[in-house]
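To start, I am sharing the structure in question, which I have written as structure tokens.
Letters are used for the chains, namely A, B, C and D, taken in the order the chains are written, and counting of residues starts over at 1 for each.
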Amino acid sequence: MSLSIAKARTIISSALAAGESADMQPLAVLVLDAGGHPLAFERQDGASFGRFDIANGKARGALSLGVGSRALMARAEVAPSFVAAATAALGGTLIPVPGGVIVADADGHHIGAVGVSGDNSDNDETAAVAGISAAGLTPVPG
Amino acid sequence: MSLSIAKARTIISSALAAGESADMQPLAVLVLDAGGHPLAFERQDGASFGRFDIANGKARGALSLGVGSRALMARAEVAPSFVAAATAALGGTLIPVPGGVIVADADGHHIGAVGVSGDNSDNDETAAVAGISAAGLTPVPG
Amino acid sequence: MSLSIAKARTIISSALAAGESADMQPLAVLVLDAGGHPLAFERQDGASFGRFDIANGKARGALSLGVGSRALMARAEVAPSFVAAATAALGGTLIPVPGGVIVADADGHHIGAVGVSGDNSDNDETAAVAGISAAGLTPVPG
Amino acid sequence: MSLSIAKARTIISSALAAGESADMQPLAVLVLDAGGHPLAFERQDGASFGRFDIANGKARGALSLGVGSRALMARAEVAPSFVAAATAALGGTLIPVPGGVIVADADGHHIGAVGVSGDNSDNDETAAVAGISAAGLTPVPG
């Protein structure tokens, strides 16, 4: 199973709705396919222009190591030089804070990832998880 | 006036609808703000993963030089070494074929750009123009 | 409203005048548009050649995350690995010390940023704030 | 003798005045020091955001090979693969079209360069030459 654009749209609209209902700051939500390539993206009015790159760093970094970006944060605390080196090796696209959530199907296969940026990291993750769940898929926040 | 996410959504859905009604190949549609930063993006099922970068090269290249990417193609025919060098100077984000269409407001100000990739360049441009027009804005294809 | 070259000139001359009246070291002052692209720049005699890049890192980093670079410094103190990773994701253009000040219009919209480098960070920020205020705009130092 | 910020200001204001009196398109004018580093820059309202990079490619490319960018264009016609390879080796900052003019002092020493972008290449060069001449220095267009 691969992540369809229809599912990606549901993820984005549901993540944004979750942010709005919790009075979060304006968000950017990026959905990547299993290969880490952009499938869909929206940046709300008022979110700054670097949010795409931050969301991409969370989601692509998560997918490239196979764990949600919250686990990358834990890794950075115990092994900071590994995470720093991995970030460089991956061309800068690894941001080890919550908000990069892997999308798994019913069999547990990783079929994509969602990166959210705009509010604090915990809230970003909450919005990503809400979006993935609304699409009937399994969030793996790490 | 700046380009809102609401307008960007209309541009994307209308560009994709134009592609479908003309039986085009699956498309990727990217909307950039005036500074060349992603505002919204969708890639239809079946479009290959490099389409984001191609759409970005068309749209960002157009905005960075202030003309639609069809004009960049004309420039590349008479001055290929200028266009090749400009591409390098701009970090690789300039693709001189049709499909990168500047979005102008009623005063003629450039408030963003749309890049489409997936079908041939003429069709890509047709879809971009349709999307921008549907949002009540002025397409500048070059 | 967008930042005009006339306003940018006022910002630079006023920032430099503020530096001179406070006997600061020679300064470099960069004004960016809302998209983070150079609008105007001056480097005083005696300021070293890397000052452009430092000023750009402060100002572009501030704009890309939507807060003045003083707030980025505070963020780097509590979340150093986030700031390091964000810097890489943004292509290196984020310098988390004071002196990157967002320019807001009367409605609070971010229409550009000013980066100053040459003296210590607090003085750099003082000069940037003086320049923006002299142009009748609102400085957001973070 | 090195290029002062006072001379750089004269170059820019005179280059822009030359463009306006000849009804040129909005211009961007960049002045580099002898090491190829930015000394001063202005981009007129209406000039697109990529103009800094284009002006830099003309001026820095000229300085890095010691000839005006018009000579680089001639070189690109007879030895295109050398110029392409040099462009890559120089990190993309070489644009082989007119408008990158070396600044020489009375002894013929290269003390900087001016890059202009915004109109056609011949006009860009005309503006650069006018600016350098107005500052009492010698333009070397190539």
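Note that a contact is a pair of C-beta atoms (placed from the backbone, for glycine too) under 8 Å apart; a residue touches a chain by one contact, two chains touch by 3 or more.
Note that the coordinates shown come from a computational prediction; the quantities given were computed from them, not determined experimentally.
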{"item": "Chain hops separating chain D from chain A, counting only touching neighbours", "value": "2"}
{"item": "Between B-D and B-C, the pair joined by more C-beta contacts", "value": "B-D"}
{"item": "Distance between chain centroids, defined by C-alpha means - chain A, chain B (Å)", "value": "26"}
{"item": "Centroid spacing, where centroids are CA-atom means, of chain B and chain C in whole angstrom", "value": "31"}
{"item": "Distance from the mean Cα position of chain D to that of chain B, given in whole angstrom", "value": "30"}
{"item": "Junction residues of chain A - those touching two or more other chains", "value": "49-50"}
{"item": "Touch-based graph of the chains, sorted into line, ring, star, complete or other", "value": "other"}
{"item": "Touch list for chain C against partner chain A, complex", "value": "35-36, 63-66, 79, 81-82, 84-86, 88-91, 110"}
{"item": "Contacting residues of chain A [partner chain B, same complex]", "value": "4-5, 8-9, 33, 35, 37-45, 49-50, 52"}
{"item": "Interfacial residue positions of chain C with respect to chain B in the complex", "value": "33-37"}
{"item": "Complex contact set, residues of chain A against chain C", "value": "47-50, 53-54, 56-57, 61, 73, 76, 80, 83-84, 87-88, 92-97, 121"}
